[in-house]
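To keep things simple, chains are lettered A, B, C and D as they appear, and every chain counts its residues starting from 1.
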Amino acid sequence: MVEVHPREVLICTIARLLDGVRHVAVGASSPIPAAGAILLRALKEKAGAIGPRISILGSVDHNFFTNGSAELFDCAGQGRIDAFFLGGGQIDGFGNVNLVGAGDYPQSSVRWPGSFGSAYLYFVVPRVILFREEHTSRVFVEKVDFVSAPGISEDGVFRTGGPYALLTGKGLFRFDKSRPGFELESVHPGHDLAEIKAATGFRFAHGERPLQTKLPDRATLDLLRGRVLDELAGTYPEFAVQMQRELAQRGALVS
Amino acid sequence: MVLSELRAMAKHVEAGMRVALPVDYAGVSMAMTLPLIERGAGNLDLVCVPTGGLQVDQLVGAGLVRTVETSAVSLGEAGGAPRFNAAVKEGTIKLRDATCPAIHAGLMAAQKGSPFVPMRGLIGTDLLRHRDDWRVIDNPLADKGDPIVLIPAIKPDVTIFHAPMADRFGNVWIGRRRELAAMAYASITVLVTVERILEESLLNNEMSAAGVLPALYVTAVAHAPKGAWPYGLWGEYSTDTVEILRYAKAARTAEGFADYMAQMEPA
Amino acid sequence: MVLSELRAMAKHVEAGMRVALPVDYAGVSMAMTLPLIERGAGNLDLVCVPTGGLQVDQLVGAGLVRTVETSAVSLGEAGGAPRFNAAVKEGTIKLRDATCPAIHAGLMAAQKGSPFVPMRGLIGTDLLRHRDDWRVIDNPLADKGDPIVLIPAIKPDVTIFHAPMADRFGNVWIGRRRELAAMAYASITVLVTVERILEESLLNNEMSAAGVLPALYVTAVAHAPKGAWPYGLWGEYSTDTVEILRYAKAARTAEGFADYMAQMEPA
Amino acid sequence: MVEVHPREVLICTIARLLDGVRHVAVGASSPIPAAGAILLRALKEKAGAIGPRISILGSVDHNFFTNGSAELFDCAGQGRIDAFFLGGGQIDGFGNVNLVGAGDYPQSSVRWPGSFGSAYLYFVVPRVILFREEHTSRVFVEKVDFVSAPGISEDGVFRTGGPYALLTGKGLFRFDKSRPGFELESVHPGHDLAEIKAATGFRFAHGERPLQTKLPDRATLDLLRGRVLDELAGTYPEFAVQMQRELAQRGALVS
């Protein structure tokens, strides 16, 4: 059996979540989402199909914008961005995201950078993937202290986008707008439902015996460890080098 | 446009002014930070377009800032902005938390001479709840309901940024960083530092003209090689991450911040 | 982006579509006029950004146009637009008279994904009186009164223009004619003719990138040397005033127009 | 006495009307307003002062804009344009301007090109100079058939600009917002009050014996016929050549 690095599970899961999008935008410091997008494109191209357009903010190789930092948001408002990633200092069971701070606003006990474009993009990008590796009840709370961007909106509020899935270091959740809330879709290797329940501050739906997150096949791993990491190195050299080093330590590097 | 030098340019900034500053990667005039601190005009209302970093943290640390309107403040890979975060915790600065496109929208309203522009999103956020200057109305063009947020024009007194080049007529080459133009259009006074100053007009050929902020919008230009350091400048040089990490560590305390700033070479 | 040819590009235009066309001096794709007429998709709603000329007159003369939204239509030095003026007099086209900044405002609303943007001016004009899609409200951010006009988003189905160059990846160099970008941002389909197609990406260096409309917004590009003729193209060639005068004279009558168009070389 | 070409009277009058502006914008086909602006700049520079910035739409030498055709209007909206010129198929005594057509709208019996930017610029440019050489009761009507841009606005309507003066081939009027209406300030050489009254379809205020329009002195004429026409030739070659030819025919050309 091929040994798979935990981050490879995340990258391959992201590639699956992005399947079908025409244009995915990735934030400036998001090597794993970027790798997932690049992997999907490589897989599509290998299959003779057209892969997604990938815009990585702050990247030279993947910057198709020429109208300043407003263009990403304009582009999303025009319906030209199908998928985007959001993290969050806190995320709750309604998909609310807090990027501002913990405790009472404005004198937050812990202040995070701020909401960035989330308060807009969450409304207009159809497939927003919530991505946070740290899976603890500090991050996944019952109710966020500050709503940077709400997971759901009242009827009548213009909204063409919102949460699609939540990917963590322990598992993958889908967002069900109708309930609304998260449903555990799969658990990554090495983790289990009880552990996830203990580390999650909000209630979520789940099967009795959740599936394990699908692992990549050999061909996908080869593509990821070769071409994808090479392409990624143009924008995230340190991340690519670190991945290659860790893979080598595990004896998994495809040379 | 007046060809100037840094200390003279800083005199355009008066206490209580609203000052717009660009995002880390667009061209931050770090060269102006010490002259601004020397100048000492306080009670500034900063507008980060659309986020802030090192310069904002240093101006806050120097006690010059009253409010910060921003979509985020951080030192990127070097983590949170230490003096900004301390000031937030102590309540010594007023926050006007925003989201990137709302900052762009406010500048666009000013650019167009309009009192506001409408913006989708925002409804149901705590950003909106804490902004008494933003207003929700029902879209007058819709048949029913359809709430939408109006963002009032942002009209900075001063915009300060750094760019690769200007010509001696005051035309500044901003390339595809068009938020710098948006800031300038919206502002009364525009102060620019550049890596180099050209003899020939940048408007003389269509290729360079396409990336020009015309002198019409530029109050003063000063020559400041490596003027974005320790930030990088697109197409010119990379960010000095080691230096930013050094700052981040030093500025964890007020004393460390003071020591760091004291050993910076004055302009 | 698909590298295309003129007749194939014209197939993107369907009857009843809203088609945006640029002002005379910005880069009119005159090369597309005959293919559009050949294609014969009628009932077009033209949006002139912000004014129209020869191309609009010829499309009207060919009977393809249902409405014209514009701030003006003329042949410049060659006088009034003969087929447009005749159609106005006969009542065979519907007019949506506007003013330049209102056209820009409508495109900007679409660019921003907003349902409208507000605009100063206009109050007390007969333009406003005849536009049932424009709405006057009291500025919600003002204490009292302060009427202001809301311009709804203009979302063309198709934008068609001519530019000096594109690269083989579909990036189009529009230089400082940024209204072409505004049109593209707002439109579903964008058809571009160019003087030449480059091997190397225009985004590969910051100088040329500053004037680029990215391929992301471009549906198809076709090679059409002298594609703006008899209009000129900025930085490339001048307007052929003699030819436009010849057209103006010929097109005074419907027969003269038909004869003139018949002797034009098909693309 | 120096012979002065009628158009020189217009150009010199425009230079006087523009005195004090920092930035004047001139339409694409407006050689006389452009000449007036260039003359003012030359006079200022000769006197060691800073002349106005001149933006001539469609000109290469005098185009300072880099943001497409919207920039002129943005610039005006920002309060950066102090003076502009408007013509009009019809102009009435309240300063209303009609650039659309004569007769019933929309099936105008005579259709003019359209309103261009007038419906905005007239509101936001402080010193709008109405300029029309043809002075007939066909142009200067009691009431325009279509208001492209109104001369006055009701209280409470945002307005920082409006009509400042009306210059025709026969005379110069000032606009009095308080009345509101035009007042004849001066009559050009070769014309008189009775003729102007007969050619004007609206009522206007005037003194019993209106002044003659001030003629340029020799130094101003030299500047105009030399440097100003040379500069103008860059943008309006045909107009400059024609002026030079007519001046030569009158034996007035400064070589």
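As a convention for this text, a contact is a pair of C-beta atoms (placed from the backbone, for glycine too) under 8 Å apart; a residue touches a chain by one contact, two chains touch by 3 or more.
Not measured: the values here are computed from a predicted model.
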Touching chain C and chain D alike are B
Separation of the C-alpha centres, chain A versus chain D, in whole Å, is 61
Averaging C-alpha coordinates per chain, one finds the centres of chain A and chain C separated by a number of Å equal to 40
Distance in whole angstrom between the CA centres of chain B and chain C is 36
Residue ranges of chain A touching at least 2 other chains are 65-67, 74, 77, 124
Residue ranges of chain B touching at least 2 other chains are 101, 108, 112-114, 119-120, 146, 148, 176, 181, 209-212
Among line, ring, star, complete and other, the chain contact graph is other
The answer for chain C against chain B in the complex is residues 105, 108, 112-120, 135, 137, 139-142, 146, 148, 150, 152, 173-176, 205-212, 234-235
Within their complex, chain B touches chain D through residues 110-114, 181, 185-186, 203, 209-217
Listed in rising order, the residues of chain A that touch chain B in the complex are 28-29, 58, 65-70, 73-74, 77, 99-101, 105-109, 111-124, 146-150, 153-154, 156-158
Residue positions on chain B within touch of chain A in the complex are 23, 25-26, 49-51, 70-74, 76-77, 80-81, 84-85, 88-91, 94-95, 97-102, 104, 108, 119-128, 130, 145-148, 176-182
Contacts from chain A onto chain C in the complex sit at residues 23, 53, 63-67, 74-80, 124
